[in-house]
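One structure coming up, written as structure tokens, with questions to follow.
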Amino acid sequence: MSLWLKNHKTYLCGLLVIGLLGLAFLPVLAQEATEPPAEAPAAEVAPGEAPAPKIDTGDTAWVLTCSALVLAMTAPGLVLFYGGMVRRKNALGTMMHSFIILCLISVQWVLWGYSLAFGPDKGGLIGGLEWVGLNGVGLDPNPDYAGTIPHQAFMIFQAMFAVITPALIVGAFAERIKFSAFLLFTLLWATFVYDPLAHWVWAVGGWLRNLGALDFAGGTVVHISSGVSALVCAIVLGKRIGHGSEPMPPHNLPLTLIGASMLWFGWFGFNAGSAVASGALATSAFVVTNTATAAAALAWMFAEWAYRGKPTVLGAASGAVAGLVAITPASGFVGPISSIMIGIGAGVICYFAVVMKNSFGYDDALDVFAVHGIGGTWGAIATGLFANPAINSAGKGLFFGNPGQVMTQIMAVAATWILAIVGTFILLKIVDAIIGLRLTREDEQTGLDLSQHSESGYSF
Amino acid sequence: MKKIEAIIKPFKLDEVKEALADIGVLGMTISEVRGFGRQKGHKEQYRGTEYTIEFIPKIKIEVVVPNEKADNAVKVIMNAARTGTIGDGKIFISNLDQSIRIRTGETGESAL
Amino acid sequence: MSLWLKNHKTYLCGLLVIGLLGLAFLPVLAQEATEPPAEAPAAEVAPGEAPAPKIDTGDTAWVLTCSALVLAMTAPGLVLFYGGMVRRKNALGTMMHSFIILCLISVQWVLWGYSLAFGPDKGGLIGGLEWVGLNGVGLDPNPDYAGTIPHQAFMIFQAMFAVITPALIVGAFAERIKFSAFLLFTLLWATFVYDPLAHWVWAVGGWLRNLGALDFAGGTVVHISSGVSALVCAIVLGKRIGHGSEPMPPHNLPLTLIGASMLWFGWFGFNAGSAVASGALATSAFVVTNTATAAAALAWMFAEWAYRGKPTVLGAASGAVAGLVAITPASGFVGPISSIMIGIGAGVICYFAVVMKNSFGYDDALDVFAVHGIGGTWGAIATGLFANPAINSAGKGLFFGNPGQVMTQIMAVAATWILAIVGTFILLKIVDAIIGLRLTREDEQTGLDLSQHSESGYSF
Amino acid sequence: MSLWLKNHKTYLCGLLVIGLLGLAFLPVLAQEATEPPAEAPAAEVAPGEAPAPKIDTGDTAWVLTCSALVLAMTAPGLVLFYGGMVRRKNALGTMMHSFIILCLISVQWVLWGYSLAFGPDKGGLIGGLEWVGLNGVGLDPNPDYAGTIPHQAFMIFQAMFAVITPALIVGAFAERIKFSAFLLFTLLWATFVYDPLAHWVWAVGGWLRNLGALDFAGGTVVHISSGVSALVCAIVLGKRIGHGSEPMPPHNLPLTLIGASMLWFGWFGFNAGSAVASGALATSAFVVTNTATAAAALAWMFAEWAYRGKPTVLGAASGAVAGLVAITPASGFVGPISSIMIGIGAGVICYFAVVMKNSFGYDDALDVFAVHGIGGTWGAIATGLFANPAINSAGKGLFFGNPGQVMTQIMAVAATWILAIVGTFILLKIVDAIIGLRLTREDEQTGLDLSQHSESGYSF
Amino acid sequence: MKKIEAIIKPFKLDEVKEALADIGVLGMTISEVRGFGRQKGHKEQYRGTEYTIEFIPKIKIEVVVPNEKADNAVKVIMNAARTGTIGDGKIFISNLDQSIRIRTGETGESAL
Amino acid sequence: MKKIEAIIKPFKLDEVKEALADIGVLGMTISEVRGFGRQKGHKEQYRGTEYTIEFIPKIKIEVVVPNEKADNAVKVIMNAARTGTIGDGKIFISNLDQSIRIRTGETGESAL
């Protein structure tokens, strides 16, 4: 029996994932059937009739467009960005990580994730199960979150955030994790780290929201949480075989550069969509996102040029991503000139974080911690510095006369670091005990593509 | 002069190169080849279809050495390339009439 | 003379295609010149003035955005999805198929396709020629189809559907069709199969529409029609040389995965855009599209994992596409939990359809029939099962107390199968007689890229 | 000292670029801090409140979406389109050109570019420095340019045009320019050629605008200017080593085709977004953009098929781009049938321009002049022929009874050619004197990737 | 031992491999090469320019066999690889001094 | 017959091919190889890490010629491939027992 168990661990994990997904599944099916026809969107197809009272067509168009854009950040954005950076033998497997997270968390979010994150508050710490299976999450606006778009539009926009966050982590354990372990870890992490954290920061009643922490589009929830968790993953999993002795150059940098471009493109949805409405605030967020990103790419490139003698393409792409990360929490609070500062800071700080990595000796394969952990932390603090009440009355930073904001930001950062470190560590240990995290030596040498998926990325 | 051709497992290349360098063999030419032999290939599956890929990626090292160095070179290649599992590869040795360095026109062992 | 004809068949085909395109061309040119300035969109550029009475800016923004998204499904979506799956020597040629269809049908649609499909009804079977060259298809809304956007916005959105449908078929005859024959077949198929079918299902007066068949975004019109036609193509063209004996692995699966991602991204336009307005219905369609797709990808992956021992990346990507296909007709009628059911069904059913293909022996190279034909059929029937009047009052399925809907759906499916089989078969025979469908043995062995286009995809 | 200068020229250039960027930087930082809270976009997040008076959510959603689309034209569009066409050893370096321009000009535009182009007019020739650092460019609409969207939305939309224009030029000097020289040239060109030209044609008070020249979306400003400048670059830099003797086939045409697809996709934003509002005019521009592009791709393909015996994939992709270029100035003025004419003209004319290039002997590596210079010129003149007042009352062409328009168009074209030739020539000479334009022979033979960036695109 | 090098048309590889297996030759090494000879190359055209690609993709099979098997091996390769059209390729035979199996150190014919 | 193997710098291929054609050598087989020797490799840097790539891309030309043409062939290859800088490559000459044209079965020099 125990031998059988050992041999079938991989498969068992599949069942486990299915089981977990299924848990919340059956009870809610009935609910949908009896869901009250609270409003009649069908009216919309009949020409000439007025739309439901409060829904604004422009705002809804914008938020749906943004939801599609944020999806494009994960796939094909991250799929390409990370996929191009690994060695050829791991190309498909690494791409699969991002892609399957999109699938897994899309379902998890509908079944229970949204409810845990945004459902009726329980003590500031977590949402209740009232909205499991989207029960009660209908097509009327929910003024708590967005007063002019259907509640489900807000839900699906948030779904894309829940998707990309664990997908960012995969860069840390690239090229050496078992696929089954990865699946289970992702599902647990989304449920026990991401969902609570999203609640703390964004949900009505969340304790960090109540504290007054500013995080417009997810600097803490998305980037610090994934970046810090990535560091824990890199340390717990250990180095790749040959790390430090063999060269491990990216196998296809054009893919990485396209991925960075798609991330930039999609990030407009991420940041400007976080206004959950079309108009001035969305415009402001759009402008500073573009500006900070550009400045950060230039800053990384020039820093590298000065420090190492050559401006690299991977550097420019990485700098752009660092800029996107850093401007994320600030994007609804700062003006264009401030965004240049934030971008320059991000490019320089993250470049040196990447350089210093080697002296610490952990193998964060694709530098998730340096870019998202450090970049996100810089962005969260910078929000506390540069937030300009003329842009958004909800935020006032140190440079505009509110020194307290920086402290609040630091508290939010610290809380996020702690949750990410503790949560990730525990979950990794659990998954390691059940399935085992790392590939066998032989599988790792063969590569993810053949060992985990029986496929080759390229057949030239 | 002898020409030594070694078909080895790709991930052993660095070790073999170091081992040859240690005995003073400082030039070589390598190419990517695929081998067929006792070592079984792998399965790949694409939708409904399963293929067995029988040709396995290998590295071929070609190194030309003076006659007296040949045995030693073979020995260090063998030691460095061996994992003890099927598919470690072969070494083939043949005679060479002449070798020339294009840059200088030097011939024979001084061309190496 | 007949020898000359034989040698120049290829080129003649080009002339034929041009000729056909030109036919409707000249008469309408004059019309445009005299087109009455029914409304003055120029007013829009003058700031401060009110827009034309009934046009809603949010709805129009949404439908135009969606039109761009659906274009992205064909190129680069299908270009990549199919292009990555063929062998290297056919990479460019296969990509060209999708790309040139985008060009060809974009023009065909403006010249006569839209008129045949949506023009004034003739007996429930076909549209009249009144709208040839977009004569009378202006910038005012046409309340028959979409009351809040310019008529041309509806037209261009539909154009993208007309484009992608034949582009889906190309997976069936991949790696062995003559380029000239392909061009002619596509033009004929769009005109004689797609345009009538679109009329039946969507046009005012279309007989299947009158019957009450539910097809929100094109399950029958787009997917069943292309999938079933693909099967006919695969059978009539015969197998590729070496099929079953030589390995024919995909040459570049990363491209295929990016293609699947772009399909997913673009499909939001396809399904949520089919509301032809922004708002609750579009939101609902968006949400179920994402959810069903994710569920289907997981379902295919787990089915394959259980059945063959390994979860594959191509499987997950294929499952996502199967899910997108299946949710298409249902997307405006069902809720999120139903969409998970539909997705799981799609993933499992299409996976086994792909597996069973080999025992039938036809060579549907890229599995168009299994994914679009079978997946589309499942989706059409599932719409009859899960349609929830609380989502859209226009649709009520078996599980909500209307058993008759399933029968209506089956009739629509059957009609589509019959038109596709008969139409495709006749057109293939005609094209075969005029130009010859298949490449010579030598050209096929050389590959499409060099033999048809004198180009190499890669020069590494 | 002079030796030191010689050895550090490359690095000095970096400093120069930073310095130039920094020049306008510091003075404006203070301004932002004191920027009056003229309007309170924060109100937007508070549900239920009315948005700022004149901002239309649908129009804003559309223009922001279009801005993202135009960004996607540069990256990943041009990155891929050009990157696939060069030889493998220059793949990354060529991609970097487009990508880093996106970064560089995004910052330049915010700091001083927008002010020079659209700032308060100085004699019809240039904008003033009043808007440096976006001082005074806020979130209220500026009715001079777009009355229903925030001024910054118009600014960021225009930023994407300022980005792509120099990015088009890079095809001319591909595979042989020093990275540092390229950076400096781009910054100067954007400032001294693009910004004034944009002012002439689009700004209130610009002399070409006052003249009545029609250029809806940038035929002169973007395409003629970049295409003609490209010709000057090709001539001044001289041929690549081996040009004419060695084969230089594209290394990765699938990337080029994806790039062309992304250009098409993004160009909807370029043209339809130039209505700076959602509605009838945007719809019309969208429709003719798609139609002309498709017609041009077919025309190029058939022209090549007839002339050389094979329809090529690169030809179809190039034809599509030629069509996009040609319809750009006309897109807000012509109807669908005219757009087919314009497209056919573009495909045929640009194909033969490409063929004839070889007899002139300059090495415009990726045919920027033939496609953008010639195609843009054709489009500008065609606008004077086909402009239909029924589509847009602001434009009336020869075929609709206004022969004078053609002359105006020709004047605008001539002015653009002259500015582009003179400006580019002077700037190239300056940059050559300071840094030197061309790579050393050895670096060119090694390729951009290793010599300029110490990276390899692929590691297979 | 003899080393047989055969340059063949790529799509003939599987047939040659089977034919060799049938006579008991169970190991070989292949590589992708490009050949130049009587067989004409193909034209490629990219926008205004036309190139003639003179080097044609071929597969090189290297197989080492005991002396007595050499003739037979050559014969089956020839039969399997022949299409009768220009460009079918060549077979080159040379002498080998020694061959060694890396895994075991076996030498000579038992190493094959 | 002699088999000449030349390892050259890739961009010299066309010149060598022309030079051989000029003396009537009309067939050859080439492959992409990587070489290690006196010529130093290049540095690549990816984010924090710097690698030295020691194996340098080279082209290997294999050409079989009748004995009497060998010296001349070697000479023209040498002249055409030489740049005078380190890494120009080597020429190796060995003896060939037999060569056969697959298409016709011709053997010996008439097979070339």
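Letters are used for the chains, namely A, B, C, D, E and F, taken in the order the chains are written, and counting of residues starts over at 1 for each.
The rule we apply is simple: a contact is a pair of C-beta atoms (placed from the backbone, for glycine too) under 8 Å apart; a residue touches a chain by one contact, two chains touch by 3 or more.
Just so it is clear, the model here is predicted, and its values are computed rather than measured.
The chains in contact with chain E and with chain F alike are B, D. Contact tally for A-B versus A-D: the pair with more C-beta pairs in contact is A-D. The distance from the centre of chain D to the centre of chain F, with each centre set as the mean of the Cα atoms, comes to 46 Å. Mean C-alpha position of chain B lies 18 Å from that of chain F. Centres computed as Cα averages put chain B at a distance of 52 Å from chain C.
Under the contact definition stated at the top, the residues of chain B that touch 2 or more other chains are 31, 44-46, 53, 94-95.
In chain D, the positions touching at least two other chains are 56-59, 61-62, 65, 249-250, 252, 278, 310, 312, 314, 454-456, 458, 460.
Each chain pair that touches appears in this list: A-B, A-C, A-D, A-F, B-C, B-E, B-F, C-D, C-E, D-E, D-F, E-F. Note for the complex: chain D touches chain E at residues 247, 249-250, 308, 310, 312, 314-315, 318, 354-358, 367. Residue ranges of chain E in contact with chain F, taken from their complex: 2, 6-8, 31-38, 54-55, 58, 60, 74, 77-78, 81-95.
Of all the residues in chain C, the ones that touch chain A in their complex are 56-59, 61-62, 65, 69, 87-88, 141, 143-144, 146-148, 249-254, 257-258, 260-262, 264-265, 268-269, 272, 275-284, 286-287, 290-291, 293-295, 297-298, 301-302, 305-306, 309-314, 316-317, 320, 332, 335-338, 340-341, 388-394, 399-400, 458, 460. Interface residues of chain C, counted against chain D in their complex, comprise 11, 14, 18, 21, 25, 28-29, 31-33, 35-45, 47-48, 51-52, 55-62, 64-65, 67-68, 71-72, 75-76, 79-80, 83, 91-93, 95-96, 99-100, 102-104, 106-107, 110, 133-134, 139-140, 149-150, 152-153, 155-156, 159, 179, 252, 255, 449, 452-460. Across the interface of their complex, chain A is touched by residues 11, 14, 42-46, 53 of chain B.
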